[in-house]
Amino acid sequence: MLSENTLILLYQDERHKYLIPIGNDKFHTDKGFINFSDLKTKNFGDTVTTNKDEIFYILQPSLYDKVMKVHRKTQIIYPKDIGIIIMYSNIFPGATVIESGVGSGALTTALANFVGPTGKVISYERNEDFAKNTEKNLLKNGLNEPVTIKLREMTEELTFDEENVDFVMIDIGSPWDLIKPAYKALKPGCRMSSICPTFEQLTKTVFKMQEIGFTNIESMEIQLRKILVREGKTRPEQRMPCHTGWLIFGNKINKTI
Amino acid sequence: MLSENTLILLYQDERHKYLIPIGNDKFHTDKGFINFSDLKTKNFGDTVTTNKDEIFYILQPSLYDKVMKVHRKTQIIYPKDIGIIIMYSNIFPGATVIESGVGSGALTTALANFVGPTGKVISYERNEDFAKNTEKNLLKNGLNEPVTIKLREMTEELTFDEENVDFVMIDIGSPWDLIKPAYKALKPGCRMSSICPTFEQLTKTVFKMQEIGFTNIESMEIQLRKILVREGKTRPEQRMPCHTGWLIFGNKINKTI
Amino acid sequence: MLSENTLILLYQDERHKYLIPIGNDKFHTDKGFINFSDLKTKNFGDTVTTNKDEIFYILQPSLYDKVMKVHRKTQIIYPKDIGIIIMYSNIFPGATVIESGVGSGALTTALANFVGPTGKVISYERNEDFAKNTEKNLLKNGLNEPVTIKLREMTEELTFDEENVDFVMIDIGSPWDLIKPAYKALKPGCRMSSICPTFEQLTKTVFKMQEIGFTNIESMEIQLRKILVREGKTRPEQRMPCHTGWLIFGNKINKTI
Amino acid sequence: MLSENTLILLYQDERHKYLIPIGNDKFHTDKGFINFSDLKTKNFGDTVTTNKDEIFYILQPSLYDKVMKVHRKTQIIYPKDIGIIIMYSNIFPGATVIESGVGSGALTTALANFVGPTGKVISYERNEDFAKNTEKNLLKNGLNEPVTIKLREMTEELTFDEENVDFVMIDIGSPWDLIKPAYKALKPGCRMSSICPTFEQLTKTVFKMQEIGFTNIESMEIQLRKILVREGKTRPEQRMPCHTGWLIFGNKINKTI
């Protein structure tokens, strides 16, 4: 049986799905409402019916669901890009990682998931509203434990409080400003990453990384195209997001800066 | 200082990079050899020089490096696809997951990294040679602890030994044969995944998943294009891998089968 | 000076552009109206101002503009795909080509442009409304001369009236039905083409072409991504059409059918 | 029957195809030789057999074949890009167009095909070797009639000899140098185009076009992915060219420069 506060994905179709914790009263969908008392008699994998006789499935949320359903105050880093960030770095249970800034906590959610309760995610953010929103998002997803949000504006002259961290993500409008702090915080040989929507940000960030002391610098973009599989009518979706940003990775080398 | 058995990435450029544990004698590159005794006086982030005066950086391997450098006896699942598998499922430190078959252990490496020492990866493989090769790959990468390889050919009539697992990956030529076993092994509401190189495999697998009892079925393909950032000459790479396979995901629903 | 009936592109920006012939009274845009008498004192390359002081450029329409601005009663074949059709076939001034069906005349427009007044485009269409609409589109674009629309439903058992044509385009929901007629109408060694939105149409059409007597059969899809070049903020567009259909080409070989 | 000098495509498969005029003696393939006297007893669509019993089809060359088989002394503009250039401009039988430089004549071949014998292609090229090679390529393809190659190095200060042309293509390493000459040569309101392999060339060219007097400036890239359709094994090709260059288009506006 599903119990209070359990996070579930209520799923009818691609356009009607909700990520919610089990609560006390009712949950309103645009296909009618569901009584939480009904949900508490159900299990994952079951269906539940709204007062308008619309059927929803009760599913285990994937990390994709948790990331996509964060309440957004900013643009988020999308799962297609987070998947690459996770693979092209060195993230593992128990790792210590830094990100700056936190945005709406989409990447934070994934980092918290993968470093786990024995790891640490330290997130620097200058905007209090974004920080608070991210905290709520993490709490809802049950992923707040490893995360510390530091309300602080980072600049080129400052240093992160942490040293010898396994990974640093820089996601701000002028990533070149935080390459030096990222360098100082990283364990030697480890990787930092950044994401840049424009060509000019991409080149400026890469050149700054070369200058400060990174090697094995790689840049790339990711495209994800859905295929709609239907009896006799299988085809790719007709429109897709085709640009979020270029991802950059590089390994810190020992250098006097 | 680097110590015996530490895994390092020796990096000169994209075409000259080696993932090796620190050993006792020499390591031969195609740019000359390096004495391990020299490496033991170094730290991550330092450079080391071959007997032919070629310089290599000593870097922390990323998960990408570990996956791409598995010794291959088969096609592997690429990091771009693994990143999506990890994000679109529910993988976390301590999770229990099944994969069938194991191939060369590329995905196994990533799964082992993310479920960590408190989690379990159970890998079914019928080919003894592949199984042994994967064991060696995992050992080299220090990721063997969570993994159990079961040397067994799975068929539609058989069941996996495990129940209530968090995720099942089917990566065989006829994925439809293992949808029923995957269904039985999965925790209700949880996700399975498969990867299919051909259109006919894709559709047949999706239709079988619908029949057996999955919802929220999604299919997609991923493309990764590198950008070469160079002063005044920035451009995308000129050729790229443009097809590996379509990824499929779906959540188990409760149904009598 | 611009004279009566000259076709012009009134251009303000990507979202505000109009393809119109010079007329007698006024032209209404959503930024106010323009008096045609004003336009008749202008030349190509000049600007003209609406009664709301909005400025439009008077430009020479490109073939792209003519194709995209056909009045639509159906889905159209897009310029990105037409460009490939034109290049992968043998279309030239004076060529004779067949298409079936005509849709809204997007491809017809391009074919008429390239075969020119000495060539012939014979378009078979069963829907009278589509045929009439295409005639109007061609007339507006000044490209009606080479085109003959035949109001007729083609089936596998029928033959096109023409023989020894340079190119046949099949653009219907069941292209396999018209492979035999296309084969009979084509000059030996020449190419036919088709466009198929779904995988199942694609494979069925290709297999039928192999059966009837075509070789050098190629299938492909085209993607066009715009880049927005702006001082310091250059980036690809964020969403794009990512699937129209697969294009198929093949050359007729001599065979008794 | 095929006669002397007729251009044919000898086709066995994607890797074994030859674009040749019917000659007098023998044609050597890497699957044995074919006697031209045998070919002269054949028709388009027939097969012919080499002395090693290898079968080739005799096909009508497409424009794609003519473009791809030009003898190359330089990088060429690929058919996927030429198709877009042709569609996004105003090219028609009888049009007058300029290109600078000529390269190996790939685009020249397509332009000559579409403007036809009543049109004019004026190609400026500073390299005598490239000019001569292009002349041979055009002659082989029977497309030399509309083309005049002018052996001349164009610079920003010079003007093309022609005025009021329908289209100008700039394909040199520093396209910004020829924007002013292109502007002067174009009919008001008409389009020029350029192709730029690097990001820096792209932005510099666009900014120069804005400065000199163009509007409706668009930039884009094209990707073509082949699909291999085979009974039960249909899938996209596994590697593809993923970058040639960004295409730029813009319309001349009246301005004092």
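The letters A, B, C and D name the chains in turn, as written, and every chain counts its residues from 1.
Keep in mind that, in the parts below, contacts are C-beta pairs under 8 Å (C-beta built on N, C-alpha and C of every residue); 3 or more make two chains touch, one makes a residue touch a chain.
None of these values were measured; they are calculated from a predicted model.
Between C-D and B-C, more contacting C-beta pairs join the chains of C-D. Note: centroid distance chain B to chain C, computed from Cα atoms, is 46 Å. Separating the centre of chain C from that of chain D, both taken as means of CA atoms, is a distance of 21 Å. Contact with two or more other chains is made by residues 199, 203, 225, 234 of chain C. With chains as nodes and touching pairs as edges, the resulting graph is complete, every pair of chains being joined.
Interface residues of chain A, counted against chain C in their complex, comprise 197-200, 225, 232-244. Chain contact summary for the complex, chain A toward chain B: residues 8-9, 11, 17, 43-47, 57-64, 67, 79-80, 82-84, 86-94, 110, 113-118, 187-191, 199, 202-203, 206-207, 215-229, 231, 234, 246, 249, 251-254. Per the touch definition, chain B reaches chain C in the complex via residues 199, 203.
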